[in-house]
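The structures come next, written out as structure tokens.
The following pair of complexes shares a single chain, chain A, combined with chain B in the former and chain C in the latter.
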Partner chain A sequence: MKRNRLRELPAVALVYFSGALILLVVVAIFYYLAHEARYAFDRPFPYGYRFSLQPPVLEPDPYTGEIVDDLTVDPNASLLAANFEGEDGVDDKEQSAPMPTLAELEGYHPFGTGSAVIATLEDVNLDGLYRDNWKKAKPASQGDSFYLFAFATPEYDKPTMKLAWGPDAAFSAKDCPYDIRLRLVRAPEGVELDPFDIDLVKHEQGAIELPAWIAKTDADRTSGYVFEMIATPTKSNFVATIIGFFKTDWAPTLQYPRYGFVPLLLSTMLMSFVALLIAVPIGLACATYLAEIAPVRVREWLKPIIEMLASIPTVVLGYFGLMIVAPGIVKVFSESLGMTSGRSFVTASLVLAFLLLPTIISIGEDALRAVPNLMREGASALGFTTRETIKKVVMPTARAGIVATVLLGFARAIGETMIIWILSGGTAVMPSANPIKTLAAPTRGMTDTIAIEMGNVEFEGAHYGHLFMIGLALFLVTLVINLAGYAYGRKRKWLAS
Partner chain B sequence: MASIVGVKFPTPDQVAGRDRLRKRASLAYEGWLWIIGITISIAILALILTIAAKGLPAMSWEFLSAAPKEGMKEGGIWPMLRGSILLMAGTLIIVLPVGVFGGIFLSEYAGTSRFAYTVRACVVALAGTPSVIYGLFGLAVFVLLLTKHTSLVAGWLTLAMFALPVIVLTTESAIKSVPESFVEAGVSLGMSKWQVIRRVVLPSAIPGIVTGVVLSTGRAAGEAPPILLTAGIYYSTAQLSFDFEMLKKPVANLPYHLAEGYRQGSVIPEKIIWGTCLTLMLLVLLINLAAIIVRAKARRKQTW
Partner chain C sequence: MTAALIATLAIVGGAPSPALGTVAVKGSDSMLILNQRWAEAFGKKHPGTAIEVTGGGSSIGINAFINGVTDICAASRPMRKSEIDRARSRGAIAVETPAALDGLAVIVNTSNPVNSLTMDQIRRIYIGQINNWSQVGGPNQSIVVLSRDSNSGTYGFFQEKVLKNQNWGRGVRFMPSTAEEARETARTPGAIAYGGVAYFKGRDGIKIIGIAPAEGKPPVLPTEANVRNKSYPIWRYLYFYTNGRPRGETKTFIDWCLSTEGQSLVEQVGYYGLK
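Then we have the complex of A and B:
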């Protein structure tokens, strides 16, 4: 007997090991999703402002004859920013644009330039000053400060000049975890000017008028006005990343990336909801038919057909939607909704609903069949018709199971990737308040964002980390829905016994 | 007592009329359900037949057995088909023991303990977890931690994880459907618990287990997102060399081929895409058919 026990031990150990392994898998998924999501918190927060010294009234450029009032295209504007080195994209002057000499500036407007952070103003080395100052992006916990030297060229003849500023191209100070200020450090000799300190987050764009100050020699260039742009962090990097994650725009590849996943979450939820709205009534009716009405022979034929749909790979369903459903949708709705492409919210929801049908039918049928026959017989003995039996006896008894069916269907819809990838159109935008507009517009969910963008992302970077954050959110959402469905399903068994 | 004065009892005529209405409503309801049931089935059949009809023109022996030619404008899809079969076979071998033992654990050893409840909840949660989550996990662990680049092994392990919960659940229900009297007979003969499982329960449950295993591997073979992040390349024209190196290289396969084909735009002609869709669908459907046949044969032999 004992020898037998010993011989069985490995097998029994393996059984327990397998059970424990399942637990381990869930824990491991959690752990590694969170582990990789930590890269999101190394996220650098770039910011960028452009400054330009201008005459009080803008004059046409002496060479091109145009009036440039947009600082982001003004060749004289200095960009003060903390951003990726050499990954500018707007201009590539940051490496090779030393502060111009007065001779080079002949004929230009009054001019100002920025410089890197320096310890004291006395240490300024004229050769080390560059027009643009791009530095490596820093996490929110580290601030930065830049000096700006402003002077006018000798031929400048007006009594005042204007320091104008504005945010760099796609930069928005509202999303930025910094308090950014512009202050006067030093006014040139002989100029009376009250010191000022401007909040650049509140006043993203603006100008301030100054008495003109003319640099007579090259050495004078740094003895004019000196301004300082100071960025001090207002939030820790962790908090800023979390807040950024719950913002409403997703634009991870921009120069000033934005990682708000709310539009993706909303789109996924809404698409799944619309798909459920279509699939649940039809699916439950079909389940009722199979469980309560269909003769055994018919059911034996229909069930395999429905199961066959469940086994079609979703990428094939996606292609079917793209080549058959989408053109049909365009034909039907092009006039009324103004649709140009069939890849939209409504197409994705429709095909998703089709995908959900077999799930809902088969789980729903199980739920209905779990209602003991005694109850049907009792209802029948009381003179109930078939319809009354189903509506008043079977359905209420199976209610928990039906709720579970809907929940599991919802989780399935949220997790679907390929159909949404191929059919939703791929634009990450907030759903609009006008439901018809939302239905007709292309959109993008969480799952497809992960699948698409993971293909061309820098591993272990901020974008990569944020994709894992989305994964974690998705995992949590489906976990909760699935467990709720499971709990409801157990209730059903208790009712039936 | 006073309240009963106000009650009006219906006349027999009224009762008969109401009954007629009820019966008519019931008939209409039944008819409605018939229509829905049949319509849905026809719609599903139509969908499958449409894919078949669109895919058939591309189908030929050459399409299935040749490598793509001229930037996939011509030729076949054999390397991708081969990759899918390879992925499926490896997944099956990895997941089979763990899944079956996990199912035995849940049905025979777990009982109603708190641990068992947790494990069961975990299995249910895993079964409903989106496949792209498995892809992310595979990317973080099997790709970046183990091999540093996408590979066949990473794909196997990821797909095995994806298929695991379904196999555990079907194994559990297959074992639970073995009548209690079998177990009792075994115990009364003095068999130990494991002997009963090994010699009595498992042989009776095997058809159910096989069905579950085959179905979930088939489902895994058609699922694109896990492979997308762990094991795929767009296409391949190379011969497969069966050696150790093969395990460390990514493998071309049908779902990835279709997904990447979509991402890259209209490189592949529509006819070939339909053919590829049909092939993938047939691959999965044939596996399912095999499972159904196994189940049907076993049912015929089944004596309880």
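Then we have the complex of A and C:
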């Protein structure tokens, strides 16, 4: 007896060792994901507005019919943003580019924002003003304030001018953790204007009228209107990053990136769910046939074949889906779903279901076969038909195993990358409330987002960090599903005993 | 064992050249074929120098450059300021050398009667403001908008240059490769897509359309002459980045790429030479 135990020792040690190793790897992966995800929190939150001086021009947009205040500068009026670089932030280009002259400003179009940091207004003098990348909109970030100088050139002949503002392309003040305000700092001598303080978060787009002020010399420019745009943080970067992560807009390549991963999460979960809806009934029916009804010889042939199907590389399945399934789906559903391209939610789900089938059949069959034969014989002795035996004896007994099969399939579907990448269409948008529209629309999941974007991301930047945050979320989702399956199995065992 | 360890340390420590007589070129996938062609032809002339070409994407090449494990970084987008700063903090001064010109063509299905669009129309199609061909003088058919996925430098370039940094529309489908875009466009009557001119030449079912730089201006086709004189609005440089001015074999290679002989290969791959 004792000797036998001794002989088993190496095997037992090996089991414990492997267990410990797996645990270690899981912990290491978790640590690695969390460690790299920290770059997401280094994210600077930029903000950007465009300002312009113009006579009021309101024309409907030719395509949308919307009336927008076009933020282009009236050639006779001008607006400057001043930029003072700090001592350590001196940029060679900016140092050699002083403020534009009046001649340069003529005929000049949209005006960009600045990232100026000025300590006090007394520092403003003409020699120290640099053009802050003024031909191209540039985002400013936390704690920055910058000054705008408004004036009209001598050709301007109207009694009033208008200061209009609007957010930069793709900038949304509501997603930005700042309180942004526009204030009048100083009106030119002889001009009566009440001081104002406009909340730019509430009024993202707007305009105010000003009495015209003409600058005749370069020196006049800084003695005109002076406005200040100032951004005060309302949340810490950490909180803002977390809030941003749970928003519904994934657009990481914008100048003002948005990292809301909810559409990716929903899309992954829904695609996997639809795939399971298709694969589970078919797969379990096949498993039942194999385990309970099929003659031994048929099973011996079929099972290895089905298991071989499970070993098809997913990239092959993906391209099979693209070449065969996608055109077929377009043909069948072009009328009813209004589909124009086969790269869509429904195609990805279908091929995903095909991927899951062999797994579900194989593991499901194992679960059914784990039911002791004694129970089948007992049922038979009580006069149950095969159908009744399956329904009333085998299925309830194997329930824990079947649930485990479904959950395993679910985790497999969530982790699948290649098929989704090839077939989903790659559009990160929230699923529509109309299920038919969602099925026909292109979509994008979590895994393929990581695969697509990791190759072209700035390493150790905010986007990189957010991809690791998604990895972390993926890891947690599959962990929860697996733990749920485990807990369910435990509970069933306890009930049975 | 010790030798292997030293070799590993040398790479980790950022030795500029992996081995004597080898120039490592790493980066952009758009430039991969071009780099391979250059490496092959250069190898025939200079048998003493091996050119190691790897792809992976512009960002991967830039990261390798920052870590000092490649001699040349091939990039289809200019390095960002943060990347240049990071390279500098690790002792690498990024020097940019434009190596070739690339014009991005916009394609539609051959059955589509539309032969040209303005830059503004293309922008509105891609941000989802225009979604029927009838809005731009075509048939009453919804537009299937195709793009490269963000794995590619082309994507970012198009977003910046054509979309003016606005967000993609809800219905835009993102394709894993330019060849896929071409195939899908050939299959789908209402499709529009963009990509390097090289990938679209001589393909059935698609046609390259002219682009008007602004409303009221004549449309321009992405021909060699038009891209080179920059009258075609969507073009970009393809870059080589080196640590400081190119030296030694790296310089020999880059100089050869920029020579008439090297530039003639550019056209074979479908990009345009600088001169």
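Criterion: the second predicted complex is superposed on the first by the 390 of 497 C-alpha atoms of A that agree within 3 Å, B and C clash if a C-alpha of one lies under 4 Å from a C-alpha of the other, contacts with A are read in each partner's own complex, and residues count from 1 in each chain.
Methods note: contacts are C-beta pairs under 8 Å (C-beta built on N, C-alpha and C of every residue); 3 or more make two chains touch, one makes a residue touch a chain.
Bear in mind that the values here come from a model prediction, so they are computed numbers and not experimental data.
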> Between chain B (first) and chain C (second), which, if any, makes contact with A:Val191: first, second, both or neither?
Replying inline: neither
>> Once the two complexes are aligned on chain A, which partner has more residues of chain A within touching range, chain B or chain C?
In response: B
> So, A:Leu382: does it touch chain B (first), chain C (second), both, or neither?
Replying inline: neither
>> Applying the document's definition of touch, where does A:Ile452 land relative to chain B and chain C: first, second, both, or neither?
In response: both
>> Looking at A:Gly461 after the superposition, I want to know if it touches chain B, chain C, both of them or none. Which is it: first, second, both, neither?
In response: second
> Is A:Leu277 touching the first partner chain B, the second partner chain C, both, or neither of them?
Replying inline: neither
> Taking the superposition as given, does A:Ile436 touch the first partner, chain B, the second, chain C, both, or neither?
Replying inline: neither
> What is the contact status of A:Thr340 with respect to chain B (first) and chain C (second): first, second, both, or neither?
Replying inline: second
> Touching A:Ile422, do we find chain B (first), chain C (second), both, or neither?
Replying inline: both
>> A:Thr253 in the overlay: touching chain B, chain C, both, or neither? Say first, second, both or neither.
In response: second
> Considering each complex separately, which residues of chain A are in contact with chain B in the first and with chain C in the second?
Replying inline: 421-422, 452, 455, 459-460
> Touching chain C in the complex: which residues of chain A?
Replying inline: 63-64, 137, 168-170, 251-255, 327, 340-341, 343, 421-422, 425-427, 429, 441-442, 444, 452-453, 455-461
> What residues of chain C sit close enough to touch chain A in their complex?
Replying inline: 29, 56-60, 62-63, 66, 80, 82-83, 86, 124, 129-130, 135, 142, 144, 149-153, 155-156, 159, 164-168, 170-176, 184, 187-188, 190-191
> Where on chain B is chain A touching in the complex?
Replying inline: 22-23, 25-26, 29-30, 32-34, 36-37, 40-41, 44-45, 47-48, 50-51, 54, 97-99, 101-102, 104-106, 108-110, 115-116, 118-119, 121-137, 139-141, 144, 161, 164-165, 168, 192, 194-195, 198, 215, 218-219, 221-225, 228-229, 255, 258-259, 262-263, 270, 273-274, 277, 280-281, 284-285, 288, 292
>> Show me the residue ranges of chain A that touch chain B in the complex, using the header's touch definition.
In response: 4-5, 8, 11-12, 14-23, 25-26, 28-29, 32-33, 35-36, 282, 285-286, 288-290, 292-294, 298, 302, 304-309, 311-316, 318-320, 322-324, 354, 357, 361, 385-388, 390, 408, 411-412, 414-418, 421-422, 447, 450-452, 454-455, 459-460, 467-468, 471, 474-475, 478-479, 481-483, 485-486
